[in-house]
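Below, subunit A partners subunit B and then partners subunit C, in two separate complexes.
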Partner chain A sequence: MLELHGITAGYDPRKPVVRDVSLTVHDGEAVGLLGPSGCGKSTLARVAALLHRPTAGTVVIDGEPARGWRHRAPRDQRTAFGVVFQQPRQSADPRLRLRDLIAEPLRATGRRAEATERVRALAPGVGLSEELLARRPHEVSDGQLQRACLARALVLRPRWLICDEMTAMLDASTTAALVGVVETYRRESGAGLLAVSHDPVLLERWCDRTVRWGDRGAALNDAAPAETATSPGSTAP
Partner chain B sequence: MGSNTVRLRASACVLATVLLAVLLVPLAVPLDEQAVDLAAKLHPPSWAHPFGTDEVGRDLLLRCVYGLRLSLLVGVVAALTATVLGTAAGVLAGVLGGWTDRALMRLVDLFSSVPHLLLGIFVVAMFRPGIWPVIASVVVTHWLSTARIVRAELLSLRTRPYVDAAVSGGASRLRVTVRHLLPGVLPQAALAAVLMIPHAIWHESALSFLGLGLPTHEASLGNMVNGARGSLLAGDWWPTLFPGLFIVVPTLAVAALAGAWRERLDPRRRSELTL
Partner chain C sequence: MTPPTPSTPSTNPKPSTPSTTPTPSTPHKRRNVSAQGGPVDGGPAQGGPVLDVDGLTVRFRMRGGREVAAVTDASFRLRPGECLALVGESGCGKSVLASALLGLLPGNARTAGRALLGDLDLLAADERTLARTVRGRRIGLVPQSPAGHLTPVRTVRSQLRETVRELTGARGSALDEAVPAAAERAAFPADHLDRHPHQLSGGLAQRAATALALVGDAPLLLADEPTTGLDRALVDRTADELRRHVDAGHALLMITHDLVAAERIADRVAVMYAGRIVELADAAAFFGAPGPRHPYARGLLDALPERSFTPIPGMPPELGALPDGCAFAARCARATDACATVPVFADGLACHHEEEPGA
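Take a look at the complex of A and B:
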């Protein structure tokens, strides 16, 4: 279970973009986070993945509080999250071929030996051919690059996927394909999902439960029914 | 063929000619650039001495070539050392941040607040005249800009989502730096190194002109311009003009090359580089 308790975060301590937000993602659950642009959804997603230190509040992973942020977080806590960002161009090191991009987390965690095999096993699932794997980011389309970024997020078999506007830059068919990849992985691994988007239709079809950002852009509380929108037919835990 | 390409080729040709002359002339023409011929002093340019002779009858063409050889040696060694030092300082400041960053950047400010030439003179004054104090003097005054450039570039790279993705993928701080950040700043650092070579040559010439650089008998471009001051007042222009041109033309060529290179570094055109 992933719990965010009373998170306040931002880039300037005097002007937090996220104020006192609490959110829970149960094992295997898909939670959508819906809100307008610039409201702080992405910041909250980065906090959830231990990539940004909040000014107040805690992230609790399976009952254990986060023991640090970014590099200071223990490796097993950090790698429990697979993150995919909105802009594939910015999320891919321009110097790495796609196969190295996907294998990078394995190499970084000392599992170099299985890298080639894991990439070969993962690539067809996300729709990348051998020929595409040999290319560099500037030689592929946004959609193809985002497929590689999703594969990189899956390569360590994370317990939670954090998809921050993963499909905002993509066309409908690529969106459907990537959502399909995420759902296939979740079915076989039981991983949880936090999907951030400004698109209510997408989240409604993708997630078990959608949390709407408060109107004031500040307070959002999972526990308060007034602030929570559930999609038809879903069961809020 | 764009004007950028023309500029690139022209400056590359000039530099190649200069480098060939500097490398081959001392091998192919075994003449002593220090040979004095008092019977032939201050001869204007002629077939025997294409650049003329100086006030003690030494051949100026030969001395210019040897002078540029020395200047380039000082320039390249000093620029490389200063770049390594500046890059190391910039990376440490940019990656570690916080206290280290503040300390290093205040050190850079401290060095920058003293006029370069004054600081350079201070360094050479501590040692016997020679090539190494001059190089040290250039390094001490020139690593600052590289440290600033590298740090600024690093701060912008550090916030890219691909660094977040690497951290999330379990990469250590060292791995993120070596694998993702350093390769991103190296082109900028290399460009800074190339641009620093002309600066280092000017610095050496200025110190030698002031009589503080290389020993006065050495054929250095700064020494030659300094030695020719007296004859210039007497109307003999060639001992000043030719060493001066040997300072100006290669530095212009290096600057033009670096300018063309910088245009190529433009991210929108980066893909052309790999073709």
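Take a look at the complex of A and C:
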């Protein structure tokens, strides 16, 4: 079980973009996080994946509080998460061939020996041919690169997947295909999912339940970020 | 859309090409072109098309003699007050088509066919003509990612001011007045004019970029993925605002993979696959009944979470290695031996096996 308790987080201590938000993702559960641009939902997703240290609150992973954040998070907790971001061009190292991009988490965790086999096992599922695996990011389309980023997120067999606007850049068919890949993995592994999106129809179709963000986000032009982010219905049923 | 040429600022660039579309008058007169106003291109709607594209083909020559067929034989027309949505998967050639119309293709591209804007063939026009009389003046570009399109170190006012000055020749107090007026046409709030792009929300940055595109009163607006990355409420608002400019008489070519936005504002839809337009249809018939006629278009619509949320199997072919015959056949449930030949585009469709209505 993944629990977020009373998370307050942001980039300026005086102006948190997330205030006192609590959220639970049960084992095998798919939770959608819905809200307008700039409301802080991506920040919350980063906190959940131990990628951003909150100013208050705790993340509890299977009953154990997070023991560190970012690169200081202990490996067993860090590798429990697979994360896919919105913009594959910005999240993928432009120098790596797709096969190395996918295998990098294995190398980083000292499991280099499994790399070839794991990539070979994953690639057909995400629709990447041998020929595409040999290319670098600038030689493939956004959709193909996002397929590789998803494979990379799955390569360590995470307990939770955090998909932050994974499909916002993609066309309808690629969106449906990638959601299919995530769901296939979740069925066979029992992994949980936190999917962030601004598309209610997508989340309704994809997730077991959707948490709707409070109305007023913290977009720079909105005068009153004070009442940011209470998450009605954010406690588990 | 940064219109000015790097030429000497003292020359007041005047369109030199004869054209059926009158060039814009001075800004203080044009401010009256309102939402309910008549067609901005001067010619009434019954006049000829704003843009007449016939057999547009773009090839890129790559290293090792390889050739990429980015756009093949695209033909369509766009009338004043009409919005055509060009939809398709990423990498299908949509944006290359837009670049070709603006004369912004890289050096290794070769084009064939015609793209008539009035009586000017955009494919044959030289860079000087395009820079001085077309971009910004006869074609306004609403960019993808406005935040990246605006100059980060200058205020919106300063950027609008430069564009107004270069495109209309306004100076002094006329220029000071024209800037807020230009902002207003895109519903950009005047009290935000002195902000820098990073101080704007996504929606306001989009409006700032749209304001720049509208300054030259171009009869043709070209929007390249104007809604990507925006949330649904902003998509709807951006789409509605673009529609307002269409209703004011502009012709709009909207390039998008966002079918929901396309459904919201388009009069007609062109579906592109592997560099070819495979279906060109009335938007109401396409999104409603009887629905799309091409199996690819049907698959794309069915992939929406609003519909069956099933992807089309496989991926589009590489534009550098297109199969002989129909490029969609490998992914198509209806494919037969007939698909070994490229289907001819006729009556709005290029397919050997048209979908049955409502099937």
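In the analysis below, the second predicted complex is superposed on the first by the 215 of 237 C-alpha atoms of A that agree within 3 Å, B and C clash if a C-alpha of one lies under 4 Å from a C-alpha of the other, contacts with A are read in each partner's own complex, and residues count from 1 in each chain.
Note that in this section contacts are C-beta pairs under 8 Å (C-beta built on N, C-alpha and C of every residue); 3 or more make two chains touch, one makes a residue touch a chain.
This structure is a prediction, so every number in the text was calculated from the model and none was measured.
Undergrad: Figure out whether A:20 sits in contact with subunit B (first) or subunit C (second), or with both, or with neither.
TA: neither
Undergrad: Applying the document's definition of touch, where does A:156 land relative to subunit B and subunit C: first, second, both, or neither?
TA: Once the two structures are laid over each other on A, A:156 reaches subunit B alone.
Undergrad: Classify the contacts of A:71 with the two partner chains as first (subunit B alone), second (subunit C alone), both, or neither.
TA: Only subunit B; A:71 stays clear of subunit C.
Undergrad: Quick one: classify A:49 as touching subunit B (first), subunit C (second), both or neither.
TA: Touch partner of A:49: subunit B, not subunit C.
Undergrad: Which stretch or stretches of subunit B touch subunit A in the complex?
TA: 160-162, 164-173, 175-176, 179-180, 183-184, 270-271, 274
Undergrad: Given the complex with subunit C, which residues does subunit A contribute to the contact?
TA: Against subunit C, subunit A makes touches at 36-38, 86, 127, 141-144, 165, 168-177, 179-180, 198-202, 204-206, 219-222.
Undergrad: Which residues of subunit A touch subunit B in their complex?
TA: 46, 49-51, 70-71, 75, 78-79, 81-83, 85, 87, 90-95, 104-105, 108-109, 136, 138-139, 149, 152-153, 155-156
Undergrad: Going by the contact rule at the top, pick out the subunit C residues touching subunit A in the complex.
TA: Contacts found on subunit C: 88-91, 192, 198-202, 204, 228-234, 257, 259, 299-301, 303-306, 309-312, 314-315.
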